[in-house]
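Pasting the structures here.
One chain, subunit A, appears in both complexes that follow, with subunit B as partner in the first and subunit C in the second.
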Partner chain A sequence: MTSTSLELERALEVKGLNVWLGEKQILHNITFKVNRGEILAIMGPSGSGKSTLLRAISRLLDHRTDARVRGEVLINGINVYTTNPYKARKYIGIVFQNPNPFPHMTIYDNIAVGPKLHKLVRSKTELDNLVRWALKSAMLWDDVKEKLNSYPAELSGGQQQRLCLARALAMRPKLLLLDEPTANIDPVNAKKIENIVKKMSREESVAVVIVTHTPAQAMRISDKVLFLFNGKTIEYGPTQVVASNPDHDLTQSFLRGEI
Partner chain B sequence: MDNSVPPPREDKIFLYSLLPFASVIIAALILLGIILLDTSLPALKEYGIGLFMRNVWKPREDGPGEYGLLAPIIGTLETAIIAVIIALPMSLSLLILTEEMMPNKWRDLVSTLIDVMAGLPTILYGLWGIEVLIPFLRDHFMSFLHEKIGFIPLLSCQPLSGSSILAAGMLLSIMIIPFIYVIIRESYSTIPQSLVEAAIAYSSGWRHYVKFKIGLIKPALLGGLLLGFGRAAGETVAVALVIGNSFHLSSCIFAPGYTISSLIANQFANSMYYPLMSSVLFAGGLFLLSTGLALNYAGVKLIRRSRKLCQAV
Partner chain C sequence: MSSSLDHKDLFLKIIVAVLSIVALIPVFSIVYELVIRGLPVITGAGLKFFTKTAPAPGDRLYGIGPALVGTVELALISTAIGIPIAFFTGVLIETFRESRISQIVNIIAKSLMEIPTVLIGMLVYILLVVPTKTFSIISGGIALALVMMPYTLTYIEESLNQVQYKYIEAGYGLGMNKKQVAFKVMVPIAKRGVVVGILIGITKALGETAPLLFTIGAARNTINWNPLEPGDAIPLLIFDYIQSPYDNMKDIAWGSALVLFVLFAILYSSIRLFVKRVRI
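== the complex of A and B ==
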């Protein structure tokens, strides 16, 4: 393989990322890579900086006046922090920790608005198909196919979260950032969503970063694991290696569900 | 409220002890309505609904005279509509400017200044209107528009003194811009962080992002406009200074006019010399009260709806 194709393989590369919120340093010198078609699970106790890391990757800290970011984030080889962030986000689908569908838009529009704004579709039929595909992929189609024109407030928490997943998938992203996407969802649907994420990464070469509190989930779907503790990487490597032979006591006890 | 809990028994005593204070203010409103109704009854009996639909002002000292409030009612609506039409883009631009574009230090300065403006005595705006706005409108703005596009009925009359419906509307807009701005800023700045992030994540540029957020507060924006309209319709002294105080009914906004409030302020001192005139003025007050209540109610409801909308998810 040539070096250029190696570069292309690398969907996401984070180099020496430091984040401060106010006076407090939240992330210390984080470095990792995710190739196309690869799934990275980020684990760590509450408050360790997992959500902040996803925000820093997608430049969602920009509008916070107290946030400071140093380091590099490359998506498809392009430094996110030196390009137009809106252009960079076109390739990112993000699902936040708490469901946040647009309350003033219908279920249909929640999913359609991103592709429409980014001109990903050329016709109404194409958009309809995309919306249906996204809803089916997020395991929500059967729940909402009769009420695409009602508002997300009518949905349960878990359904809202799946709506947000559908919204992210509809962008046909090269990089999926998922912040505990199955936390509010029943085990059956959670399993199905895991399979969708896997399928996206295998078949469409999407790079996935998934934050999870469930070691079992990380084992099931990830190729790599990054373990955060107090904003520092304490473990980073292939899932099998980390699971069978963790470097750090903390990882071990976390994996055993002790912390 | 659906989420309220009944207070425990011992707190009920405290609750009841608060009731007299709360009821005073409600009673004051009800009393106001009753008094206005009572005092305007003679005029309503004499002229019927025609009082609000005819344009005539012929006071007589020795008889009931003839009165119709159509011109001031139309003037009230016209000036308030002009004010809101101008205030909408202005307050929105101010909002975007302060909330999204200015560095923190400037933003605090400017929004504090606007807060202060919203609370100034309105007579100051009236004086400024006479001194600055009217001469400017008369010498530069109105005659220019009249010459260029005078074929539009709204602009068809020869501007004379500058005191006009337009002057009143513009003055009112300057008074309600800060008012509307404060209302929509409250909603805009309290859009939950999670929705702000979603808006950023799915916008294809800064302009879309701002549009997203404006979309989220649309009910509050509409509510703010309604409250602003109510405010403009009720403003008195400043309008009386610049509107020209004429019963002339015209479709042209360069012509002088009247509003209900300025009519009451101007005529009330005279009204004791004429039978029924004060009753007519009170009927005007009744009109203001009922429209004001309806507008404010709708406005407040909409603003609440906006808040609820953002909390729904």
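== the complex of A and C ==
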């Protein structure tokens, strides 16, 4: 595939994306761009289609028989819907809304499984280092460094969520999709995770899409926001602009915490 | 109001207690009969009961050696054939659940469960025993593999089906393909069910008599380790000897029944143990 530098700039480009689950249309004509090193926050009330959008980007809806997708999702200029999804996912780190660490794998193996799968490391030492780095980045290292061989069932919900973040980071993704990654995490660690996400985007040029229910979080970390309501984009633009001068009444009331 | 509820409660409890006792009577009487009749036979003969061949009618020497060896061979052969087929079919069905072919395979494989096992024996007789012109333990093993296959398949497939979708999605999210999701995520999470399915299959097959009637040849005069030759099996021996007019034969049937029962007790307790011990 040939990619111009312009295309490479746009780590993620979604064009006219429509999604149906069963008979119901969940997403309507969604269009946005996330450049390398940029963070896009997705906001919107419960049921507006935020999680579905992240799934559609990584083609995870393919594995559901009742889902139908129309539109384009370009990652580094390549349409994931016309390429091999398994290869595309190699570049994507996804953290789901509900923690889903593999219950049959140790904490260590949960993080090591991705890098091993994609042969990102050449030695045990490299793998150890990567696992430690991922755990430190996800603010979980201090909690689990003594029990890397225990199972995730021993961890709290918030710790499990951070484990999933570490698992995604260990893939060294070019694109990070985070579905409310700090929902079950205390404010102090949540702030730290925000900083890690910022750092990943600034220093490693990772493109980030983060779903958040907290307007304050969106303000703190995002460059752009996209506001979903009933599967439609009602607001999309630079965070500062949307915060100070939202187009839509619904955005205003959401930002004020009314919905 | 609450007192009438209490009455209903008590009434229900009594019914449950009575029904439980009624249900347990046959179980206890079977165990009782087996021990009373079978144990003296085994203790009377000692080790010879397990190592020697069958006695002549009316004689005193006990021995179920050929049947014991045959049952072990049958277990090994039927497991070696039936379990891999059941396992991989189950994984394929669950991995390609949406596909028509896998739905059809699923229905056909499970319908084997509804076929009387005597017909499975006849099938193997026609396809294997007749062309090779000999009864053989391996023919019996194949028949038993066909008996166990649908049970193990059903159990494995159901346990894979129980694996929560969020873990499967996590696997795909990491870039795993279908095969990797199946073997790195679904099977290990469902491993308890997989093991139980295997044990249930073996248990089911080992108790069967009908598929062996026309396949293994009931050869009980020599202990035979060669699976290509005729042999014997414990259920078959019980079936034959319990109908014998000779008391020593009947006694051997009872002793064998106790052995079979203990074998099953071991298999069932390992199933229970697995259900309890392995978490997830």
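Please note the rule applied: the second predicted complex is superposed on the first by the 256 of 259 C-alpha atoms of A that agree within 3 Å, B and C clash if a C-alpha of one lies under 4 Å from a C-alpha of the other, contacts with A are read in each partner's own complex, and residues count from 1 in each chain.
We take it that a residue touches a chain if its C-beta (ideal position, glycine included) is under 8 Å from a C-beta of that chain, and two chains touch if they have at least 3 such contacts.
Everything numeric in this text was worked out from a predicted model, so none of it was measured.
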Consider subunit A as the common anchor and indicate whether subunit B and subunit C clash or fit when overlaid. clash
Check whether A:R167 is in contact with subunit B, with subunit C, with both or with neither, and answer first, second, both or neither. both
With the two structures laid over each other on chain A, which partner does A:H248 touch: subunit B (first), subunit C (second), both, or neither? neither
Should A:F96 be classified as contacting the first partner (subunit B), the second (subunit C), both, or neither? both
Does subunit B (first) or subunit C (second) touch A:K199, or do both, or does neither? neither
Per the contact definition in the header, classify A:R70: touching subunit B only (first), subunit C only (second), both, or neither. neither
Would you check which partner chain A:P152 touches, where first means subunit B only, second means subunit C only, and both and neither mean what they say? first
Intersection of subunit A interface sets (partners subunit B, subunit C): 58, 60, 63, 65, 86, 89-90, 92, 94, 96, 98, 100-105, 113-114, 117-118, 153, 164, 167, 171
Interfacial residue positions of subunit A with respect to subunit B in the complex: 55, 58, 60, 62-63, 65, 86, 89-90, 92, 94, 96, 98-105, 113-114, 117-119, 152-153, 160, 164, 167, 171
Footprint of subunit C on subunit A - complex, ascending: 58, 60, 63, 65, 86-87, 89-90, 92, 94, 96, 98, 100-105, 113-114, 117-118, 153, 164, 167-168, 171
For the complex, give me every residue of subunit B touching subunit A. 104, 192, 194-206, 208-209, 212, 215-216, 218, 309-310, 312-313
Flag every residue of subunit C that touches subunit A in the complex, lowest number first. 98, 164, 166-177, 180, 184-185, 188-189, 191, 279-280
